[in-house]
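Here come two complexes built around subunit A, the first alongside subunit B, the second alongside subunit C.
This part shows the complex of A and B:
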């Protein structure tokens, strides 16, 4: 509940003396993250650079990122929520069950040491990856880490930030946020935005088959969704806008090739800390941009008269 | 009794918050047939989807596979709805009184933020039973929900008052951020039961996996359980209470919040 405690990566570079990576492998998945923003840089208030910072990695297995870490904590798979919840209790000095803590793969002393370090630092930051947000518990795992960071502000400055994936995923969230007030899973059917992840989020709509058309822009659900979702995409009329032929294009009725944003068409991309970056095209493309295609579709739809299903055809299930 | 029969399952979810005894009161059958329902963004009539017969009354019976029909019994205050078949999301959301019975399975969010009345699902239910809507501070604030089968994630999320009883197993995060009320788990739960609970009682008759933030408190046979047992006896539920046959282990938590909630787990004597 409540807001998100965040900052820009510039602040992390200049101030963060405690960096915690949870459920991610930045050495391989965000290769420039260490060197540009977090542990390797010398910052305005961290003249010593790497020596002035503590880096903790929490993951279920040893990855390439372990070498960069001062402390590596290996949790059992699916126990992240338990560990964060225990940390929240320890931060407040409350009792936890030692035996149940040890079931997570970590000892109580290790967690207490982590809490002490978190409280001692001047500026702490938690970066969490898909190992946390896409495993059992999903949004609650992310909520746990965000709440832990918020609660740490009773002792010192602390922020939490998700390690976003490829493409402009942060940008899609940002635009939906300022236009509807919600970041994703928004339904506009009744004329006003309604937010309910689990009901209106893409994967749930597709898996339940609650849609009768799909418009896919800058994503490849055909490669990432569970099989029932892919079956729905193949069943309904699906339109794909993408520079390349994707897995989804093969299921779709229509594929429109567009130019690559940032390479052959201009636009704005949001960095993982939600800082907008303008993109200038370096190449020319024979294809229209996504924006132009969407504008032309809107103009064409506007010319059509309002459509209502006929009750007789409704009853026979043909729509 | 008014009888509605679904003609054909809609292809996309149908939002039918008008299907309540309150909305039907004082209307003849033709007026009921003309009530609006929403298919996607389109407003249509009840009789585009349902055949309506019977005679006007506070009792409503709906037949067919209503798995894609949402918001049945929304904010109802009186009367009775019987759904013969499956039912979709938000059944009895924000209801204040009356009763709903479902013979088949129900979907997510049944009894969300309800403040009174009874919902009885004979089959399985989805997640977020009696829960708070996203961004809302509290979930169900009174009333009773009884699930004959299993239930999904986040049962009773942020509930404040009332009773949820589940005969089958429930999935993760049962009683998440609970603020009060009682959840009866006749067949246990998966993991993270009672996560971040502030107050309230979760009673499990089967051993369950607990979070590390639920330290063991004591073994006892609480007196108040007799009251709850008396309350749920008309629903066909019985709680073991005889000290000769076993006791309850009390775990208090969630110490991360920190909370004054409790999880009672029945321990039969061996």
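This part shows the complex of A and C:
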């Protein structure tokens, strides 16, 4: 996500007087987000804490998080992109058709009020969750919200940040970015990185049955993928590294039990604001860490012949 | 039973990655957590240092880690288009090794982000 206008959660705590959650339910999915980083804390420039901040929640239904919000805007499912687009127009002072806004389940006055508040704040932040990034419009929705935040900087300081779940998935983005230049879905089959979401994303590869082996670590696609994808995992040789025998392990040829990240294996994990934090494992596991097992597999692969064509054959044009 | 207390442990259950957790453990189990939310607390107490699963499985049968590593290397080396997937509940250090493996075997490497 190059060019993303973002900040750390520490800055949110100390500065953000306007906090907007879009398509997420932090009260249940990120329970300490409110109390540790966002609305409840007293910050350096927000001595009043909660009273000094405005919290707006945008979602398709009332969740537990509504109780914590000052304003709740209920959008019709699948209409998030339209709402962001209307907001971007209002921010720029453009005219917006009332009827079009009403199709989203909201009123023009509500959106105008939201824009006024956004412009009035000193430091605004939008946290967006899977309710935005995984529903109709997908990454276009994320892009629209990131653009809205960027455009708001013509008026005040404004940032946006995705609410990452799943342990160290933010770290996976970071590691893939600094090693290959791309955040996910990177194809190294030709010996150099190629990036094309939709073509090289796991769900597409699995559903189409494009792969002829799978190496799974820190995930259980056998429980989450659509059935044709699971069938592919069962058909090709699948290798699983996991602290438990998972659904994927059960259809895999090889399973290796590894120690639990953060409880028994040491290392680094990234917080959702892309701040790396050291882990402090407390229990000694009878199993090796994922890191160690992958390293041993690399050593075993190294003993075999290289898969890339030898330079001499390449020169003579026989590939 | 001696209880060890660890300050400022890190919870990786959700993207908040809270690094202010106090853990009390008896060497096998975490018996108490402080500062963690209910999700984090149950994550910590539900993982133990007990040996609950076989070291490795090949075709569903118990095997040694050495044999499983060999078998994995053989399958991955033979494949034309292997996929390396997941990377969520592992450390950055393990992710870096996974990238290196992916490069070596000419794989597609992907995480939960692509879903």
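Definition applied: the second predicted complex is superposed on the first by the 303 of 319 C-alpha atoms of A that agree within 3 Å, B and C clash if a C-alpha of one lies under 4 Å from a C-alpha of the other, contacts with A are read in each partner's own complex, and residues count from 1 in each chain.
Here is the rule we use: contacts are C-beta pairs under 8 Å (C-beta built on N, C-alpha and C of every residue); 3 or more make two chains touch, one makes a residue touch a chain.
Quick caveat, the model's predicted, so the values are computed rather than measured.
Of the two partner chains, neither subunit B nor subunit C is touched by A:109. With both structures placed on the common chain, the touch criterion links A:191 to subunit B and to subunit C. Using the contact criterion defined above for the overlaid structures, shared-chain residue A:298 touches subunit C, although it does not reach subunit B.
In the superposed model, A:271 lies in contact with subunit C only, and not with subunit B. In the superposition on chain A, no contact is made by A:48 with either subunit B or subunit C. Between subunit B and subunit C, it is C that contacts the larger number of residues in subunit A.
Legend: residue contacts after superposition of the two complexes on their common chain; A:212 is shown touching both subunit B and subunit C. Judged by the touch definition given at the top, the superposed model places A:62 against neither subunit B nor subunit C. Looking at the shared chain after the overlay, A:200 reaches subunit C, while subunit B stays out of its contact range. Overlaid on A, the two complexes show subunit B and subunit C touching the same residues of subunit A, namely 188-191, 197, 210-212, 308.
Taken in their complex, subunit C has these residues touching subunit A: 4, 6, 8-20, 23, 25, 27-30, 37-40, 44, 47-51, 53-60, 65, 68-73, 75-115.
Considering their complex, residues 7-13, 15, 38-42, 44-45, 47-49, 68, 89, 108-109, 127-128, 133-135, 137, 172-173, 176-177, 191-192, 195-196, 210-216, 254-258 of subunit B touch subunit A.
Against subunit C, in their complex, subunit A makes its touches with residues 29-33, 36-37, 134, 163-176, 179-180, 183-191, 197, 200-203, 205-206, 210-219, 221, 236-237, 239, 243-245, 249-250, 252-257, 260-272, 276-280, 282-291, 293-298, 300-304, 307-308. Those residues of subunit A lying in contact with subunit B across their complex are 1, 81-82, 85-89, 92, 94-97, 100-101, 103-104, 136-137, 140, 188-191, 195-199, 210-212, 308-309, 311, 314-317, 319.
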